[in-house]
Structures are given as C-alpha cells and as structure tokens.
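Should a chain be cited, it is by its letter among A, B and C, assigned in written order, with residues numbered from 1 in that chain.
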C-alpha cells in the first residue's frame, strides 16, 4: 500500500470524517428532538393534529432521503430558502429521521402500563411531572435498542450527502480515488471509518441500555 | 414563488417510464435478496463454525457500510475483476447482496419463533434436512417474516434512488435530468416524491393482501 | 369546612351514574361513607365496583349525580345537570391528595426504589423539603413493616411487599379516605395475610376506607358496612351481620354468597 498517499490525503479524509460526524450527530439529535415533540403532540394534541402528524410520518417514510434532500437543497431557493450543502444536509437529516424517532417514542409511550400513570394522578402529581419523572425514564427501557439501531442506520445515510457536495467522508474518498486512480485503499479506509462509527454507537447503546434497565435486574 | 403543475404534467410520462426502472431495481434486488438471504440465514445458523462465522461477517459488513458505498464498489470493482455487467445489473446485484444481509436476519428471527418441536417431529419422521428446510421451515419463516419483508421491499424502492449516482436512468436520475432542462427542481422533485410514495403505498397494500392470504391459506 | 359534626358523612354519593358509550356501568347510586368507617364493596365481576371506586377520585369522570368529599364536589365545577365543566387540573390534583388509592396491580413505579416511590409525591405534590419527606416516607414504610426494604426496586420485592409499599405511598400523603380496588387479588394466597393485616391495623387506627374485595372474611370481620352491587346498581348496603347472616333478605345477595359458603369462607 502506498503510504504517502495517505499522508497526502489523510487530512482531507479526516476532515471528511469530521463533517460526517457533525452532520450525523446534529442531524440525528435534531431528528430525535423533533420526533419526540411529534410523539408528544400525537399523544396529547387534538385529533386533527394527530391526522396531520400521521400524514407527515407516512409521507416522509414513503419517500427516498435523496429526493427529500433535493427538494430542500435544489427546490429551497424557489421558496426563498437558500441553504449551503451542509445546512441542507443537516436540515434534511432532521426531517428524514423525525418520523422514525416519533414512531419509536410512540410505541414507548404505549409500553408504559396505564395503571402507573393513574397511580401518579391519584397522589396528585402534575401531568408535566408524570411525563418527566414517570413516563420518560421508563420509556428509555423499550426504546434504547431501537434508538441505537436507528442511530446506526443514520450513520450510513450520511453518505448520501456527498451527492449535494457536502464535503463528508464519501465525498473526500471519491476525490482521492479519482485524483490518484487508486480505488481499493481509499474505500477500505472509508469502510473502516463507518465501521468505527457503527461499533462506537452500538457500544454506547449497550452502555445506556444497561444503565436504564438497572432497576429491572433482580438482586 | 409559483408552483407550476404544467411542468409536472409535461414531464410525467418520462418520469413514469423511469419509475419502471425503479421498480425493476427494487423488485429484482428483492428477488436476489430472498434467495441469497435464505442461504445466508442457513449458513448463519448452521452448526459449522466456519460457515456461520463467514455468514456473520458478511452480514455485519453489508449492514455496516453505506449502500451507496457498496454500489460504488460494485460499479467500479466488477470491471476490475473482469465481470463486465451492465450498470443496471450491477445495481440490482449490489442492492440484492446488501438486502440479503437484512433478509437473512429477518428469516433468522422468524425461524426462532417456529417451535423446535416441528423440526424434531420432522427428523423423527426421517424427513431429510433439505426437504425439512424447503418444505417446512422456509415457507413458515417467510410467512412469519412477511411484514418485515414487505418493509424491506419498500426500503429497496427508496434506496433504488441511489442508483442515480452511477448514472442509471431510474426515477431520481431522470428527475435530475429533467430539472437540468427545465430549471424547476421543486416541481419535479415533489412529483418524484409523490411517485415514490404512490409505489410504496401500493406495495404495502399488496403486502397486507399477501399477509391475509397466507394467514388464511 | 368549619364545624364538622360526626353526622356529616365524609363521602356523599348522590344519584351517581356512569356510562361507557351506550353501556350503563353505574346507575343511580346513593351511598354515604362516614368518618373512620370501613365500607366494603362486593358483587359479581362486571357489576361496577371498580368503576364506582374510580368515580370517587375522578379517575373516571362520572356523568350524572354527585360525589362529595367533606361537602366539596369532586371533579366538576358545579353540581347540576350535564353538561358540566370539569375542574382545572390543579384543583383536581388538590382534591386527589385527600383520597388515597391502592390498586390490584400495585402500580408502583418500577424505576424508583421503595423509598422514592413513597417520597415522590411528598416532595413534588406537598412540596416538603427533601429531608422531611424522607423522614415521612420512612415512617410510612415502617407502618407497613418494610423499613428494611426501602432501597429495593419493585422488581426485588415480593407481591405482598410491593402492595404494602403502594399502601405506604398512599398513606404518606395523609389522605382523609383510602380506596382499595381488590388489593389482594393479584397476590399468591400465602401473601394475602400480610396485606390484610396492614389494612386491619389501618382500620383499627380509624382510617376511613372503601374496599372492593373478594375476601369475604375481611368484609365479614373488619367492615362496618357492606355494599352489594349488581349490574351497576346498589342492591343493598348493610352491616356485615345482615349480609352474611344465614338468610340475607335479597335473593341476589344470597346467590352471590352461595359460592363462598360452599367453600366455607364465611
């Protein structure tokens, strides 16, 4: 393997990895927050709002990420929304992920026995307190595994951002490949980077899961 | 801002024609995924440690690397190893090989829900392993896994848009081309989204129909 | 409330009715519960016992009639014919603090320890400082003989212990009445005694209690009065001696109790 190649392109690859991580973390955390808000609105909001949210979930889940990205990035200027590639990438990531997160949280809500919430009402706990003290901590139990899983799926979706020239990992890798006429080495390194992200995420997910299920283990 | 339905109307025939390629890639990919997935699943749960390890490695690689990267690798690598496939074939192969990793896991999950007693009963009757798989286990696993498999197919419809990157004239690529000529990205991409959505609605309805059929049968 | 005479019932239920869509779960129930009284609700499955209990603390919004706690209308802003406006969340929470409830399925919060389960509402509803809340919570746990289990999560408590924590959680709030919905029905037989023991002790200390139960022994020996429900109606409400006597007046009560007599429970 030609090492000097990596000396030359190392910084670019690393910066690409950085951009990938940035888009992934900001985009997926944004999607998580939006998804949670949607799930709450779905649960507590009025009925017409529910239909709206349901429609949003179906439409976003029924269309390719790439098309959503194109609508935002290329179509955005037509309604006055001029975004840089990174901005468009992150924004579309948030939109793309939110319905999946919303569905995970929605089933999480349903997994909590109604009686526990009634018991909380009986002692006079406020609805807000019930949400944050009774429902949320327990919701982490059934949702941690699917959340981790979806974070992992999202790591890979970041590659699509290269199509709108976001200078992320795949973009930099392709640049390197085309400039040096090498193929195997750059793509091996790229696979390694993604693999690292996946391993890291599932390690973290395991940790979180052990933490949030602490109370269920029998002594 | 003015949203022109005219632009959509004029270009709809081209887009619908391109959607056939989208369908071909996703359905073709699914076919490969199913066949290859069954073998992978069998290897994964086989007693041979070597085979099982290889299958596990395959599954974790194909699930761990972005499909777009796999597609590029297939597209650029196959000619290198002397396999000169048309681009569409390469895309279908890439999509199918990747999806097989997921299908294998879906089937493995489904197999685990089939009571162990059935296998034991078959073995006790002296039914050979191959027919046990072909006639008893796989059909049930597919039936149990059908909702997940329908989901997988819908996923493939969406990921087929990645094939645009290697220049295949499926729906996304054609939409890009039309946009290049008309400078109306908003209209065209919204129309493309609508077509994808429609395809998926139809496919999931078919999936539910198949589920009901299989449950009755 | 001023002058509370011993005559004024602590809970007054007047012409109470409750529908689930078209189904009439409760019909024209009128019933009083007096201070320090133990009232047992018995009746066949589906007769509306749980629904009646849940109307008292407005877990079910009743649609006709009134429920009053120490004279104050529960749940609705004003008495009178529907449609009525429900109280604000804040006002309803204030009322519910005075009504403790114990469920068949315990409904402890599994991610909190026994002590945290009991202290939660003391801190966040009553607004007690943490130290004081802990002292109170420990006292409540001591009352149900669980001082040594305060650090356990519910998963590490037996059913009987979980139910006693649930009782402690309710009594720590110092409610004026306690509602029990089949508190021992989810327990293994050998654990029933420890829960009933705690309840007997509470009765002896003068707690006002409304208890839905299938434990006819408890109803016969601890209750001051027993109410029999069937098909959403109150059939009779009388001292246990009248209900469990050899020949109760009402044939429906008789038929219901027959199954228990055959098992020599009463």
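We adopt the following convention: contacts are C-beta pairs under 8 Å (C-beta built on N, C-alpha and C of every residue); 3 or more make two chains touch, one makes a residue touch a chain.
Remember, predicted model here, so these are calculated numbers, not experimental data.
Asker: Taking each chain's centre as the mean of its Cα atoms, which chain lies farthest from chain B?
Answerer: C
Asker: Find the most central chain, measuring centrality by the gap between its CA centroid and the centroid of all protein CA atoms shown.
Answerer: Chain A is the most central one.
Asker: Using CA atom averages as chain centres, what separation in Å is found between chain A and chain C?
Answerer: 46
Asker: Please report how many Å separate the Cα centroid of chain A from that of chain B, as a whole number.
Answerer: Each chain's C-alpha centroid was found; their separation is 22 Å.
Asker: Centroid of chain B to centroid of chain C, CA atoms only: how many Å?
Answerer: From the centre of chain B to the centre of chain C is 57 Å.
Asker: In their shared complex, at which residues does chain A touch chain C?
Answerer: 113, 115-116, 118-127, 129, 133-134, 137-138, 215-219
Asker: Which residues, counting only chain B, touch chain A once they are in their complex?
Answerer: Listed in rising order, the residues are 1, 61, 64-69, 72-73, 76-77, 80, 154, 157-162, 164-165, 172, 175-176, 179, 184-186, 189-190, 192-193, 196-197, 200-201.
Asker: Would you pull the chain C residues touching chain A in the complex into a rising list?
Answerer: Answer in residue numbers: 57, 59, 89, 93-94, 96-97, 99-101, 103, 105, 107-112, 120-121, 124-125, 152-156, 166, 169-170, 173.
Asker: Per the contact definition, I'd like the list of chain A residues that touch chain B in the complex.
Answerer: That would be residues 58-59, 62-68, 70-71, 74-75, 78-80, 156-160, 162-163, 170, 174, 183, 187, 190-191, 194-195, 198 of chain A.
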